[in-house]
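Look at the two complexes coming up: chain A is in both, with chain B in one and chain C in the other.
Right, the complex of A and B next:
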């Protein structure tokens, strides 16, 4: 960085402090103390707004949710809170539906995240070539991301409909019977994964593209002088350079799939959607939480689910971090 | 802080709003525009008062032109309405508003499956309507539903759902069954067992791709609704596991599923609507408000081909029906009560009946020609006013419980699993009781 930039804009530059001749020693000491205080405290003042807002709208609800999780609270009477300790947690942990939701969330997460990131990587690689109207293509792949979950899910709900759905209509041309997508255990999960993949692939591709463009071109030049093919360059130059970015997208996608809500809710809609299918075949943790709180009106267990989700996320993050460390070490 | 990818707060709300599913676009619009209505100042410079009304589904006031009529008769009042299509989305929001005391409309709709819960836990939050309205006007079991032990009335009865049997004349004829409503009623006079027997007969000679009934859960609801004790005992205990009505209804539903007399369509779902449009179901267990649903979804193509007969066994049963409540903390409690009184008076209930076919709970309306002489052209001029009014008076005063609505839905889901997934009766019952125990929790 340019060394001539004054450290604290309006207050002038450091030499000022070392030119005390006209000022009395006492005043000088006061000033320098003020300077030092400013130096130390200002950064905190600058970032304080974020932490204040975070405290009010992030931390407080989080802790309050934890408080609720230890009580018996009904939506019908929020003022009445009865202390029950860990009972809500043991209730949900003993509920087979909770474990169904955990495994559904996990399965849908995997079958949506893995293909999504692979396709995004490929797309980013293609977009990284010199193309005509490259901005146009880059914008186009981001458009699914710009649509709201609700509208995307509703459109796909029409695509996956049993009766007169687009997909079954296409299947009928090949002579196949229509599939009741939403009622099957695997088909419903696949349908939801398709919606997620459709919405998020472009977004991830753009992140990869940005990272790819930061890779110094001399690396590629050197590689091509050494006779590396495009594929070899991709594998041995691009992917290693993208490792931190890939890890980032994995974390983000994991959090996203943990919070999967709109897509399963709207796939069938109505009463079935609100409980993740008639046999909970596509019930995710978020739906389970929603059903407990807003359909059964028991807020205690619902809050416990929220905390269980947080714990699961932290667990996954820890695993991610470990894997990241190990791979970085083995790469080095 | 939250790196929310799928659903951030706002889109989640829109998403929830949109579950209602039927008319996606319209719903998204209402979902986005429903907030902030209470911030509007109540009375403007001319002393004009804005009364707000929040309801769900189809109350029929708009269709009957009642809002305009009331505004015309009371020039100082302006009415603003906020309708949520799905009651399952309306109710939790309503509860939250009752808890916080903000965002409430001056008049709020209450579904019968929820009224007991509100009577038990939230009676303080409502104005006592018995101060303004003579509750003896309603069929007696209806007024009891919204009355607390101390005699406070939290909701004014709007419609009720006396049961009948809706059936397709043309399909019955093709299957060699009688088409006349008296003959149909006579054939099932022995009760719902007879109804299943008729179903077997139908299915033998049934026109291709048609089913005798739309869903066994509709029949189940019909059976349970004719009992005084359903899911709760008089002293407030959940007794659904022992309840005779539930047992009878469940067994009949299991039998229907096993004999494949049902199309297994969850009522009001897209599939159900599509089946009505294609005309592939021959009978629907039919509370009064169902007739309006059938004519809406089945469309003009089947006009006059439907008919209405008395329920099997001529049992008197009520399924559904709503109330209008006035939150005590509203800005215009007095005006709101007057408005509710007017809306639930005989003339207005009769007008709503004429417009959308939901049946009045106000006995006074039964004497009015709009009800008494009512015939539904769509249902081959069935004399519905006569059929329902006669039945309404003898419906048993059912014991309601706080979770009736959710219990009913849970059991319906499992009945549907028996029909469409071939789940055994035992497994489905186990799943249902597990889920219900969670509800009662």
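Right, the complex of A and C next:
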């Protein structure tokens, strides 16, 4: 910072806005300098903790993951890193289990996200009516959000059991044979999707409800004057108004489904859980990463999996951006 | 993610409901959204009741299973009402999974993360909402972008770092990476944008308060309702966190969720004891939910992105 001695104010070539203050006693000049510094620096001081913590425990490890992925590192000896180049990447890319995990993650993501968001949309529409005890209903549908992945996965594991599972017991009433949910390729994915749907539908419904309440009612009045039915109003007024929110929930749910870990781990528990089923039928990418790093103790390939996940995430973001552009154009 | 975010303070709706009679009629027309003018028919109540039943039943059945024996819950006719084994199961879970230590650990982790999140996110949220500084827009975009980075991407080096620092298996390794949250910054910013008028800050300045003083005596009191909500959301989230704690902590020093995961994963477990553990880990949050459900619902709705 420039000095604020009176001489500078007198001889400085630039017009000095601080001239009046420079004349006043030195103490006041010091105070005003402090003021200005306070004003300039405080915002950065207030946001610094976020960026420091994120930098140290988020961004730095994220980049470092790429470096580890090019090395051989064993969980048993973390200090020793041996350069292996692209070997870890070629190992996982040639592993059919990796591709199983990619397709499982994708399939479970779709069959959990799509029904979840559709139901949430319908629920939000119901909650948006004039309801008795509306807070009660909202709280009830949000309750699963307060449950942990572990508790939810464990209670649903019992519901989906072959023998004495609640669901198979119910199926027996309609004369159906019990289903071995966890062993089947589709049924196990459906079971995991159900856990996800159970935990998150209410949460998404509340987000949609908030967005619906921001839609000006003029639009509905105009639509009903034009003779639009309630269904037409929902399709032509509500849905377009909610488009950004819907996109937002799709992004969030997609990222969430990339992370599925506790649900598959605990569906059967034990050794089967740790490798995503006896035939990897419900192994997700997170389970695959965990298995490489924390069961097989090879951290190099585990880091390579993390970067493969990053690549997938960027791919999804790109697709999402494209879809967003196309739908915006067709809407205009 | 770069949609425009309209601001909504949690108490906005209740304020507009008490509009002064003389206020312009135009504001009222924007007050209510889709379908609000229509009363819900019986179909709506039936549908809500079905969904509500689906939401609550697994929780109820956790209690049923936790209060029965393994044989009873795996019977070909599973029980639908609680039995008499609750306390013996709770005791067994308590011993097998060191739940006492796990509860203590979870409390330490959740409380310290919640306190830190509230402090740092309120400060950052205030700066982003009301202070002018170079790079504000770009930095806020970065904050929001970090929302999309899953923890999976950084767990491997994080694990190595923690063992380097000497935090391997320690609670610090779970606490420190979560001290701040992008959602928290965003949430506080949205709230303060609307709830904190510039006039208040100006008045503080005229009275000769420095920035820290303004934060302490003006921003914090205004932010208190939003901090309550953010605190509850953060607490619920950290209490339930599973992935990173499961990788970072070991059997001797688990959080509740980790202990629960180990209880079910380590050997052939007794399901009724596992469910007793699940009940212990869920019950505190359910109580929080029964008491503060309304605020949490309001918080999620106000944190929602409206574009």
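Keep in mind that, in the parts below, the second predicted complex is superposed on the first by the 286 of 332 C-alpha atoms of A that agree within 3 Å, B and C clash if a C-alpha of one lies under 4 Å from a C-alpha of the other, contacts with A are read in each partner's own complex, and residues count from 1 in each chain.
Criterion: contacts are C-beta pairs under 8 Å (C-beta built on N, C-alpha and C of every residue); 3 or more make two chains touch, one makes a residue touch a chain.
Predicted model only: the values in this text are computed from it and were never measured.
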Of chain B and chain C, which one contacts the greater number of residues in chain A?
C
Looking at the overlay, what does A:95 touch: chain B (first), chain C (second), both, or neither?
first
Which of the two partners, first being chain B and second being chain C, lies in contact with A:239: first, second, both, or neither?
neither
Could you look at A:29 and tell me whether it touches chain B, chain C, both or neither (first, second, both, neither)?
neither
Give one of first, second, both or neither to describe whether A:294 is in contact with chain B, with chain C, with both, or with none.
both
Does the superposition put A:47 against chain B (first), chain C (second), both, or neither?
second
Applying the touch criterion given at the start, work out whether A:209 contacts chain B, chain C, both or neither, answering first, second, both or neither.
second
State whether A:77 touches chain B only (first), chain C only (second), both chains, or neither.
first
Please work out whether A:261 is in contact with chain B alone, chain C alone, both, or neither, and reply first, second, both or neither.
both
Name the contact category of A:310: first (chain B only), second (chain C only), both, or neither.
second
Is there a shared patch on chain A that both chain B and chain C touch, and which residues make it up?
54, 58, 78, 148-151, 154, 157, 161, 163-164, 255, 259, 261-262, 265-266, 269-270, 273-274, 286, 290, 294
Can you list the chain A residues touching chain B in their complex?
54, 58, 74-79, 95, 97, 148-151, 153-154, 157, 161-164, 183, 196, 200, 252-253, 255-257, 259-263, 265-266, 268-275, 278-279, 286, 290, 294-298, 301
Which of the residues in chain A come into contact with chain C in the complex?
35, 38-40, 42-44, 46-47, 49-51, 53-54, 57-58, 60-62, 64-65, 68, 73, 78, 119, 122-123, 125-132, 135, 137-152, 154-159, 161, 163-166, 169, 198, 201-203, 206-207, 209-218, 220, 230, 233-234, 237-238, 244-245, 247-248, 251, 255, 258-259, 261-262, 265-266, 269-270, 273-274, 285-286, 289-290, 293-294, 299, 302-303, 306-307, 309-310, 313, 317
In their shared complex, at which residues does chain B touch chain A?
1-7, 11-12, 14-21, 24, 28, 86, 88, 92, 95-96, 99, 117-118, 121-122, 266, 268-271, 274, 402, 406, 409, 412-413, 416-417, 420-421, 435, 438-439, 441
Mind pulling up the chain C residues that touch chain A in the complex?
1, 3, 6, 8, 13, 29-40, 44-45, 47-48, 51-52, 54-56, 58-59, 61-62, 65, 73-78, 120-121, 123-124, 126-128, 131-133, 136, 139, 142-143, 146, 148-161, 163-164, 176-177, 179-180, 182, 185, 210-212, 215, 236, 239-240, 242-243, 246-247, 256-257, 260-261, 264-269, 271, 274-275, 278-279, 281-282, 285-286, 288-289, 293-294, 296-297, 300-302, 304-307
